[in-house]
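Read from first to last, the chains carry the letters A, B, C and D; within each, the first residue is number 1.
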């Protein structure tokens, strides 16, 4: 967790610096979009028929538990796949559209494991790490609703 | 195609610069590993029981066809998923262990599409783009054998 | 030794409170009984009973409603997470 | 107008040749008949017949062995690709 932005290229380079067997780095960057989450999806709420402009996004978290949750997620990924290194950075505080929110980068010898682990960490982060988003729109502040699609994405990994 | 290295962070940032709806960038970086490909996999050839050190890797390609093949792959990815932008950079020439070979980065509104498209492009690139790797080892030069695992990875996308 | 209770996100705003201390007693011994005790305070605390998918953690691990609470625990209530 | 034939990677090294020109005739009209014609030159050209999974492209698109070849085409032979 940090308020500051991060350098994606530097983080990815650092991830493989000490690992001569690293042949693959899969990574994900999540960004603040300029329009309303629920509306884009056809809406979990019927009152979001048209995309609302987002002026800013504030990310709240649960200090202490967040670190523990991210460690648990990375640890589970390392048990499931043969990984060389994993980086997770999640920003908190107020962010503007286009700003980076989250980086997950996974180094492995082979790409299949790197891709799977990276997507796994993101899916679990979205459903298990204590972060909450509040959007500022021209109509006022609004807490983002949890998406059923995120629960479904995370549940794939327990069926496998 | 280029001989020069690329800046992963700058490429990812450029990918989303003009896309306010971009909420997700999935990317992949492939690197030259320090040991023999076939040996790491238990070997398609029985004579590769122990990993051979790799001193360097030379990437040959088919100028003209390469560009066309990469365009076709990106075009197919755009038909399958709702993508905002795609970047593919593949280096050619002589590279040392730890050097970057390939970058695929995909921007989308949502992470599921970004991840799927990025992995699809890599799987197709590995089986359809005319690049060939030759390893320099202490025992001499050796053309890398195509991996059955790569064909299997690519064939997933036609079954889906 | 009292327990510490934390509230996050929309729940924190609804309650107008981020954290408080509470002494346990014989009738408050689990997440469910603590939640009922708090909701019984009336508005705005009924939000704890009304909120669908309310999540709870004890000592920074997510738990179920029937989980026991002990003196000194840190208990947190929050809505489903939405980071990433 | 002759066709242009390109060889890549291990095949290029085995043949000691990266490209050549060839005039088509009535018996050389497809990828398969071209391959047979070239392999019939003897060593090292038999590699074209022996190599398992030999790939071919016409005008920079991958094709099958029964694909027709026309005057002026660019035909390429190469082993399975290994980039990425």
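FYI, a residue touches a chain if its C-beta (ideal position, glycine included) is under 8 Å from a C-beta of that chain, and two chains touch if they have at least 3 such contacts.
Remember, predicted model here, so these are calculated numbers, not experimental data.
Q: Kindly list the shared contact partners of subunit A and subunit C, in label order.
A: Chains touching both subunit A and subunit C: none.
Q: Work out, leaving subunit A out and holding the others fixed, how the remaining chains group together by touching.
A: B, D | C
Q: Please report how many Å separate the Cα centroid of subunit B from that of subunit C, as a whole number.
A: About 49 Å separates the centre of subunit B from that of subunit C.
Q: How big is the gap, in whole Å, between where the Cα atoms of subunit A centre and where those of subunit B centre?
A: 24
Q: At what distance in angstrom does the C-alpha mean of subunit D lie from that of subunit C?
A: So the centre of subunit C lies 73 Å away from the centre of subunit D.
Q: Touching at least two other chains at once: which residues of subunit A meet that condition?
A: Residues 30, 122 of subunit A touch two or more partner chains.
Q: Which residues belonging to subunit D are in contact with no fewer than two other chains?
A: If we look for residues of subunit D contacting two or more partner chains, we find none.
Q: If I apply the definition of touch given earlier, which pairs of chains qualify?
A: Every pair of chains in contact is listed here: A-B, A-C, B-D.
Q: Would you mind writing out the residues of subunit C in touch with subunit A in their complex?
A: Against subunit A, the touching part of subunit C is residues 6, 8-10, 13, 53, 57, 60-62, 76, 78-84.
Q: Spell out the part of subunit B that touches subunit D in their complex, as residue ranges.
A: Listed in rising order, the residues of subunit B that touch subunit D are 30, 59-62, 64-65, 68-69, 90, 101-102, 122, 125-134, 143-147.
Q: What part of subunit B is in contact with subunit A in the complex they form?
A: That would be residues 7-10, 12-13, 16, 20-35, 40, 97-98, 109, 111-112, 114-115, 118-119, 122, 149, 153 of subunit B.
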